[in-house]
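If you scroll down you'll find the structure; I have some questions about it.
First chain written, first letter: the chains are A, B, C, D, E and F, and each begins at residue 1.
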Amino acid sequence: MSEIVDDIKFIDEEGKRIDGRRVDEMRPLKIEAGVLKRADGSAYLEWGDNKVMAAVYGPRECHPRHMQNPSRAIIQCRYNMMSFSVSDRKRPGPDRRSIEISKIISEALENVVFTENFPRTSIDVYIEVLQANAGTRVAGLTAASVALADAGIPMRDLVPAVAVGKADGHIILDLNGKEDNFGSADLPIAMIPRTGEVLLMQMDGHMTMEELDLALSYAKKACQEIYDIQRDALHRRYASQAGTEDDNDDDDDLPDEEA
Amino acid sequence: MADEVVSQIKKGHIHKLLSMGRRMDGRSADEYRSITVEAGIIGSAQGSARVRIGNTDVVVGVKMDVGSPFPDTPDRGVLTTNAELIPMASPTFEPGPPDQNAIELSRVVDRGIRESEMIDLQKLCIVEGEEVWINFLDIYVLDYDGNLFDACFYGAVAALRNTIVPAEKHEKGDDYPMPLRHYPIQTTAVKIENSILFDPALDEEMVADARLTVTTDENGDLRAMQKGLAGALTLDEVNEIIDTSLRLSKGLREIIG
Amino acid sequence: MADEVVSQIKKGHIHKLLSMGRRMDGRSADEYRSITVEAGIIGSAQGSARVRIGNTDVVVGVKMDVGSPFPDTPDRGVLTTNAELIPMASPTFEPGPPDQNAIELSRVVDRGIRESEMIDLQKLCIVEGEEVWINFLDIYVLDYDGNLFDACFYGAVAALRNTIVPAEKHEKGDDYPMPLRHYPIQTTAVKIENSILFDPALDEEMVADARLTVTTDENGDLRAMQKGLAGALTLDEVNEIIDTSLRLSKGLREIIG
Amino acid sequence: MSEIVDDIKFIDEEGKRIDGRRVDEMRPLKIEAGVLKRADGSAYLEWGDNKVMAAVYGPRECHPRHMQNPSRAIIQCRYNMMSFSVSDRKRPGPDRRSIEISKIISEALENVVFTENFPRTSIDVYIEVLQANAGTRVAGLTAASVALADAGIPMRDLVPAVAVGKADGHIILDLNGKEDNFGSADLPIAMIPRTGEVLLMQMDGHMTMEELDLALSYAKKACQEIYDIQRDALHRRYASQAGTEDDNDDDDDLPDEEA
Amino acid sequence: MSEIVDDIKFIDEEGKRIDGRRVDEMRPLKIEAGVLKRADGSAYLEWGDNKVMAAVYGPRECHPRHMQNPSRAIIQCRYNMMSFSVSDRKRPGPDRRSIEISKIISEALENVVFTENFPRTSIDVYIEVLQANAGTRVAGLTAASVALADAGIPMRDLVPAVAVGKADGHIILDLNGKEDNFGSADLPIAMIPRTGEVLLMQMDGHMTMEELDLALSYAKKACQEIYDIQRDALHRRYASQAGTEDDNDDDDDLPDEEA
Amino acid sequence: MADEVVSQIKKGHIHKLLSMGRRMDGRSADEYRSITVEAGIIGSAQGSARVRIGNTDVVVGVKMDVGSPFPDTPDRGVLTTNAELIPMASPTFEPGPPDQNAIELSRVVDRGIRESEMIDLQKLCIVEGEEVWINFLDIYVLDYDGNLFDACFYGAVAALRNTIVPAEKHEKGDDYPMPLRHYPIQTTAVKIENSILFDPALDEEMVADARLTVTTDENGDLRAMQKGLAGALTLDEVNEIIDTSLRLSKGLREIIG
């Protein structure tokens, strides 16, 4: 969060944001599953002006050896921003921010994958941000869980994630680039709609307890919405794989063994 | 393998105790171990502190230099936070550049300091767009027995409160204390099965399912949070942790002060 | 070992087909797979393109900044080319800085762009000896199914043709299109036993003996070549590949445009 | 190739170059084999103002393990310019140029070594440029193949290499430093004289097809000449090793099993 | 040693140094053993304005494998200065100076540890300089040998070390920061009092042979003094561990099997 | 393991010879192997030398450039010494940045040059506080057969004595020889059991207990020392080595000259 705030008007008299959204309205989100050939699973996502590709390899032999876990698979996520995805060119290679994000995304995904089915292996998740416009970590996690499902990896659920923030004194859902740069709080969160479980959560900035409550309520609603889009992407993927004979709307083929 | 077995046994033991409402070292769920703060112990630093929480032992130093501001904040000083998990502190720490654990640690400490606006960075501007004070906040862990997040944060706060801007040495007028605005406090709790435990000791950390670090200010407002580990928290648990954090923060603020 | 066995079997299969004058996917020896070019897909870049050749999928972005020229070319802009073989694209790609394959790839693409004098670097001089435009040409491979040399080269050409110099943002006057002089085209062929195959798919690359990449300009002159792999080419084969490359280049130039 | 060209005269009225050579004339080339004690094979080469040392170790155990090939030896070449070998000091350690050159030299040498005789091993080739004056990669490859032979490694042939280029509108053989800096094309090539096989070839700059033909004909002739100098170096080496009793001119002891 | 010397007065008319010491007088030295919980052994030292922590782990499995010695343990020392321990902030991580110091300290410690008792293992010694004021390498070695003893590692003796130097034309013992910066010679040395064996010695600057003799005689006397302080630290440590019943001054519990 | 066995056997052999007062190659204890110095062999360097001691073979080059002085020595040129143990020179040398052996080697050579005040760094100041000559002293080991410390030191001394400051090229007046004040000499001896041997060959180094490198000047004063290896030296042995070093230094100075 920048400290230079609040002289810009982010919410107009009619309660509309600079891009015309309501405070609790998400940017348009599109997800397509199964977009890469070599990867075991993949998903491409456009969310507002974010463009994110996720790919999954595994379960496969874990390198280096000493990281193997004898009782389960480990999830190794690598979140990366392409050099041209941001305003000033970013040097290729991991920086401290991307290493932290990779870690918390790995942890969130570990929660839903049945890692105990694949001892000693690694499930590798690669997230590449082609174009960034606020909220890339939640976009990456949202895409990654679709890619995991596309790879056929047994999961107890999908992981939708979204950021809520604060600008111009208002709690707003799914900050865009400008709102993020000049806003005064940011709270990325991943929540499983069915159980209300929080798998990823960070916060920085300044929020009262009341604002936090509002923010979490926005996030909860949005995660349900994102979850539906994730499921839809997988439906379309399975339908296209299965051809025309199995183009129904039944949920049975989705990876929710514990539903 | 052996580690795995020991870990399973330890886990069983801790779970059994918790089911009886007890922790290994007899603390209550929201009780911190003994905290000691020694401020100003490094003469070669502009500010410093050594903080112990139980056997966890960290030393923090602040070095200040004159340098250029970032282009997008021409009227503010610069804060750079680094944490080193040196192999002295644990058989599991390895030499080399900071790994993902050290990076998460330093970024969480940095976020707590930065987002609370603890430092008045505008008062660390010398000539707008040209010269500002650069703060290097360096954290070294000497002994690791759990809850590094809080130990390092308290060390950082204590070191900053103890920092003197070395203006004379750089011919920028008289020395003055680091300009501070807030005194944020942070707590860290873990969830083990259905228990929420604050200030986890190492053995508790090893079997924890989820972790939540919460930073609040004097007004009881939230300044930063970081959830960690693969386990889930319900919104109720999140709220419970934040409430307890606020309750604990007054006592902690007095100790760190 | 298993890889070795599979590779032997695949090699046998490909050789058998080739002896009957056929390729695995039914193409003729000098036939490219389907090529698609999407230009301008990255709004945060000054120029960009995503190129697919069959299942091979690359994205290229051009970022421009103002900087200092090299001392020996004070009146020219600077071109820096980098290729990242990210682990997303293949189970054989590993994280980390570019390895020798990525370095050869980026240097071959760079050479084709640079030696063809495609970019009029003198028009990217702002103040001689002081300020010039710096071009970062960054290539990311998303999906690797053979012939990265050509996919990346086409991506680079398409991205450059689509690039707008961001002069306004840097207060250097009005924006203008990247000054280009030539439209070079590159082809890559491999030799497998006695067959010369253009646009090798991954399976073909895996069993190829030698590789030759040829860059030519609109006049049919040579601008760059790179032979690779341990196999030998006769001078006749070199000449045959160059002749075919020239023949193919017109059609390719229209597709990349 | 620099783009600043052609206002310098590289060929005078009599067809002579700035160092007095004809367009198709090589700089003086001297090779000495067996110059280092620790290495299994070595060669020192002076070619015009180039000074290059090559050393070979192996076949020996391949490190790291995962690079081992179960059916043959791998050739690992490391081409390096010493920091003081060029006009402006070069930082020690590999740069992108030297990594590319190391790769293509490794590939060229792999062609002639009977690698299948030594599964799972590595043959390590080290090329150090002490002083550089254009054409160091072909000088390095030329020296390296002599060092391989000196190490007693079974090879089907030696690999002579040379660069042809273009300056002042003329195709010229074996560019020197000035011609290279201000020339308009460069074509390094390695060709086995007996078979005409091309093992290494790169080109950058600008050449018409006719110029390419001329360049290749110059290269072919030069490679034969270099090859003879390589063989002569090995003869002298064997003669000195064998002492006086075996100082004949017979080719039989040279590593050309398939001759 | 800086070349800017000798216009500062380091010894006054009464033969006293700037901090009031005589030329052959050490700065106050305090050592405490057993100060860390996780490490197998540790020692904290304050010596003038130096503050140094040493920790020992091992004998333990040696990583990486190829460094294992089949007939004995290896000693791996890592000497490090904390970023804030010096006047200008030092970048974290090893620099060339600390790598050299780590090497010579490892060698000195190898002399006294019965490494042959622990084949294939590593004994890891970590020295962290919290605050530096000249003589940190000898302070580190002095602390490290106490930490080794605290770890219960069999040793034939402790290793006391001190620096002697020259400033203002005088040989002086145990240079402080100012004397070190503006002095004209520095001679760090580790010597076992009982045998007079020199385990570590470096010198830079300018000394006549007579000055060297004087310097070595100062060092010898100081090493005895330091040795007594090391032993005392271990006595206090053992006493506190043993509780009150064994609080005698007997040497038998000290690690000098060959005494 | 095999290495260990061979090393034991070699050690036994060397010890047995030494007990009879002999070295493997027939030298006396204080005798150097044949030393050859070729100066000025690298035209692209400002100074250079190739030095062989027996089969040990090193090449040293000096490159000079104009740059900024260090803030604490504004009126002096800068010396930077680097030694590369390239894998060409020994089967035990590995590619990569300098390891601890290479670093100790370069620092010992540097210390001998620097502490002897061999170079008059003040004469390498161009404009005080702004421009000075930067000397890069780069050492490459081509063939390693023991005693690199001395071979590299002699190479450095010979290269410096042969260096011409490239003032004209940098438009700083006429070229002139490197300003030198002293001609230090260094010797290295090892202790094997009770013998002190100068100029250890590789086989001797492999079994040596302790090593002492001594640098002296023309006046017979000490300028630098470095003890190495895990073995101990008595003060008597230290004095014996220094005495012999002084005795040998005259002859060595003439050879290196």
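Please note the rule applied: a residue touches a chain if its C-beta (ideal position, glycine included) is under 8 Å from a C-beta of that chain, and two chains touch if they have at least 3 such contacts.
A quick note: this is a predicted structure, and the numbers were derived from the prediction, not measured.
Each step here moves to a touching chain, and the least such steps from subunit B to subunit F number 2. The fewest steps needed to get from subunit A to subunit E, moving only between touching chains, is 2.
The pair E-F is the one among A-C, B-E or E-F whose contacts match those of A-B for more than half of the residue pairs. Of all chains, the one whose mean C-alpha position sits at the greatest distance from that of subunit B is D. The greatest centre-to-centre gap from subunit F, using C-alpha centroids, is found for A.
For the pair subunit C and subunit D, the distance between C-alpha centroids works out to 27 Å.
Taking the mean of the C-alpha atoms as each chain's centre, subunit D and subunit E sit 53 Å apart.
We define each chain's centre as the mean of its Cα atoms; on that basis subunit A and subunit F are separated by 59 Å. Among the residues of subunit C, none is found touching two or more other chains. In subunit E, there is no position where the chain touches two or more neighbouring chains simultaneously. Traversing the ring of chains that begins at subunit A and proceeds first to subunit C, the chains occur in the order A, C, D, F, E, B.
By the touch criterion stated above, subunit B contacts subunit A in their complex at residues 1, 4, 72-73, 76, 98, 100-101, 103-104, 106-107, 111, 114-115, 117, 121, 212, 217, 220-235, 238, 242. Residues of subunit D that touch subunit C in their complex: 1-4, 70-71, 96-97, 99-100, 102-104, 107-108, 110-111, 187, 192, 195-209, 212, 216, 220.
Listing the residues of subunit A that touch subunit C in their complex gives 36-39, 49, 51, 53, 55, 57, 60, 78, 80, 82-89, 92-93, 124, 126, 128, 130-132. Those residues of subunit C that touch subunit A in the shared complex are 41-45, 48, 55, 57, 59, 61-63, 65, 82, 84, 86-91, 95, 97, 136, 138, 140, 142-145.
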